[in-house]
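Which chain is which? They are A, B and C, in the order written, and residues in each are numbered from 1.
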Amino acid sequence: MSRFRIPVGFAVLACAVAVAPFLVSNYHTYQLAFVGLYLVALVGLDILTGFTGQISLGHGAFMGIGAYTTTILVVDHGWRDLWTIPLAGVVAGVIGLAFGLPATRFAGPYLALATFAIPLSFIGIVKRFPSFTGGNVGKNLPQLHSEFGWHVNPSIWFYVVCWVVALVMFPVAYLIVRGRFGRALRAVRDSEIAATANGVSTAAVKTAAFGISAFYCGIAGSLYAIGITYVNPDTFPIDLSILLLVGIVLGGAGSLYGMVFGALFVEFIRISWGPGILDLVSKAHHLDTHAPGSGLVVYGVVLLLVLYIAPAGAAGLVRQLLAIVSRLRSKKDTSLSDPSLV
Amino acid sequence: MTPLLELSEVSARYGQVAALHGVSLTVDEGEMVALLGANGAGKTTTLRAVSGTVRKSGDVLVAGKRLRRATPESVARDGVAHVPEGRGIFSELTVWENLRMGAYMVRRPDFKVVLDYFPWLESRRNQQAGTLSGGEQQMLALARAFLARPRLLMLDEPSLGLAPLVTREVFRVVSDLNEKEGLAVLVVEQNAATALAAAQRAYVLETGRVVVTGTADELRSNDAVRTAYLGY
Amino acid sequence: MQQFFQQLVSGLADGAIFGSLALALVLIYKATEVINFAQGEMAMFTTYISWSLITHHGFSFWEAFFATLLIAFVGGVLLQRTLIRPLERASVLTTVMATIALLVIFNGLAAWIWSPQLQFFPSPFPTTSWVIGGVHISKQDLGTFGVTIGCVFVLWLFFRFTKLGLAMRAGALNPAAARLLGVRTSWLLALGWGFAAALGAVSGMMVAPTVFLTPNMMQAVLIYAFAAAVLGGLESPIGAVVGGLALGVMLNMLGTYVHPVTSELRLPVALGVLLVVLLIKPAGLFGRVVVRRV
């Protein structure tokens, strides 16, 4: 059963993705496209945080780097937008490697501290060199047009692009965390000392994980820029980096499928779920729930509750559920194989 | 007369592994009792069950009263001092700061009495405790525990890692505290000969159970104990 | 030369603010190995409280200052007892995420309660300066430096000379041994959160007059404080303060004498410094040597 769980899960995900646009409006399709790109970012960050145990509070900036790469290439150099996507990943990945090289020499808290500075530094650098980046104003991208002779609504086309990328990157991540390298990642997470003693170069592993995660986030950022058709420094605030990490925790760090839940959360908590919860609260307490900041409070409280109630995230809950199911089933099995009956 | 410390049917486990299976023992006022046994017999766990640093079942009574709460700080406040394995010295603090920590629960600590027993501490008061020798650290731990004026002192392997001469010095001071100050002592030792020389009574533990008990003299003349723990 | 001294003094004033927030981080980190990412937002939130006391409740600056210290202290203790303590046995990721949740909540609450608009925060110091030998020294800078370092000094006295302060240090070094001596370490951790919150409040109230009060005003300061704490070795209280002062002076000097370093590049430069320091000395400039002697 467990041998088939992964391919079956992937097939279910792919089917859901294929069917969804037929069931919902164009606007919701557009939103679901963002879920796809967040999935790419989260899967990448999960390789670093969930599988290697390195907390990063700065990966929103790598999305920013990917977004700016795409924008500058398209706007200033006339590239076709789709072809910039892999390059955006490479640029972000290389910068991630360069940052990870020194940063990953340090254990837990130091890395999280250093990464916390990346988003604010990124914004500062973007503002400092306006002739290259467009400064505070940013740059506008042309609307995405469907290719290959397809004529569909831009929202649908964006959805297709995002999810094709996501459904390619997802199994790639699975291959990365499954094999020998994946074992090295987990060894570093569980005990750096033991990993080193077993011949794993922790610095190299952490740096590589950092680079891979930055690559994923760069791709996601490129898609993000294409989706919203503009970039400016405020598009990638520190909140985005935090939100990505929150998505990891809520989805369940160290689980790839959990990231689907994480991505749904990242996309919807600010736009629909948060205000929904607030509406419920406001009916009870007559609060001004449209005030700025109220959404943040909701998502902070949700995060806190999850940490207390289900620290392993959505994936952890699903795992518990499966365990209960299989226990029930094995109970049935043992009753059949009762020695008195044999 | 109610004993100062009474354990009845105390069991404890580390996760799945049971370390104590119903240990019962007593220590009277002013008495020095040794707890002997091989590695893993449950000696340390017995002390830890008393001081609340391991979860236990069964009763621990101090002066006939059940402990209020089984947390280390509240047991310490009930007058039971536990010098743990490795001595629990704050190696980054100075000698004097370590002593002040010993007096943490006491409103007016009597440093003078302590310095009478450990006069050398005075000249080392500003030295970092981690730079003391092993024997000196053990003495500092003793002095620190005594400052709180406990009713019962529990020592875990005071001889561990010390040269024989230093061990003898440590036991001399412990005996002094026991005889002159009337301090009850429960000492865990692997070095049975040293412990039996100083203690009045002893218990021998094997795999989490008390297997032999008696006065120090009785145990010294017990053939099984002699071959197993005294080596002659 | 005149410019140099002026920059030195404003650098020290900035640095004292970084240093006090860095010290708040170190206090909690030393005792629990948890980095409190909400430290900056807690400082911001308490600064709003003092602002509200001054503008809406008729407090003078100094009345509000001390009232806020008290509120911050109590708030810090309560936070630890109610939200952080239940996570004692949780993984590092979970605990870090809890402090991040607090960061998000405080940031949102401040905007919710007081609106995200810029607010003017009064300064207790005059805007004039003293002229000493042709050098203008701003009273604002000197006052900021004095108050912040004064608070740090009071805290140092507490840790050095009181029984409770000693117990807190001992509890951070070896909690198991401290408990065996009758120390209620769990309450001392809460006390540590209280002190850290109060220190953060000092840094917030000192920085607010120059940067204006907004819910995001402490984000950059927090990163400078991180850099300062890392410079100092994360475990050394003195290192954190000295690291803060060094960073403040360095950033001001770079901004004055190195043309391409404009205000936008202050943060990236701080990040660069942090990375270089960590590369050369992974344990920070003050390593462990100082820690052991404190």
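Simple rule for what comes next: a residue touches a chain if its C-beta (ideal position, glycine included) is under 8 Å from a C-beta of that chain, and two chains touch if they have at least 3 such contacts.
Keep in mind that what you see is a predicted model, and the values were worked out from it rather than measured.
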item: Reaching chain C from chain A through chains that touch each other, fewest steps; value: 1
item: Nearest-to-centre chain - CA centroid comparison; value: C
item: Farthest-lying chain, centroid of Cα atoms versus that of chain C; value: B
item: Distance between the centres, which are taken as Cα means, of chain C and chain A, whole angstrom; value: 32
item: CA centroid of chain A to CA centroid of chain B, Å; value: 55
item: Centroid distance [mean C-alpha coordinates] between chain C and chain B, Å; value: 43
item: Set of chain C residues in contact with two or more other chains; value: none
item: For chain A, residues that touch 2 or more chains besides their own; value: none
item: Chain C contact footprint on chain A (complex, rising order); value: 49, 53, 55, 57, 99, 102-103, 105-106, 108-110, 112-114, 116-118, 120-121, 124-125, 127-128, 238-239, 242, 245-246, 249, 253, 291-301, 303-304, 307-308, 311
item: Chain A-touching residues of chain C, taken from the complex the two chains share; value: 29, 33, 35, 37, 83, 86-87, 90-94, 96-98, 100-105, 107-113, 115-116, 215, 219-220, 222-223, 226-227, 229-230, 234, 262, 264-268, 270-271, 274-276, 278-279, 282
item: Contacting residues of chain C [partner chain B, same complex]; value: 163, 166-167, 169-170, 173-174, 176-185, 291-293
item: Partner chain C, residues of chain B touching it in the complex; value: 51, 53, 71-73, 76-77, 81-82, 84, 88-93, 97, 100-102, 104-105, 128, 130, 144, 148
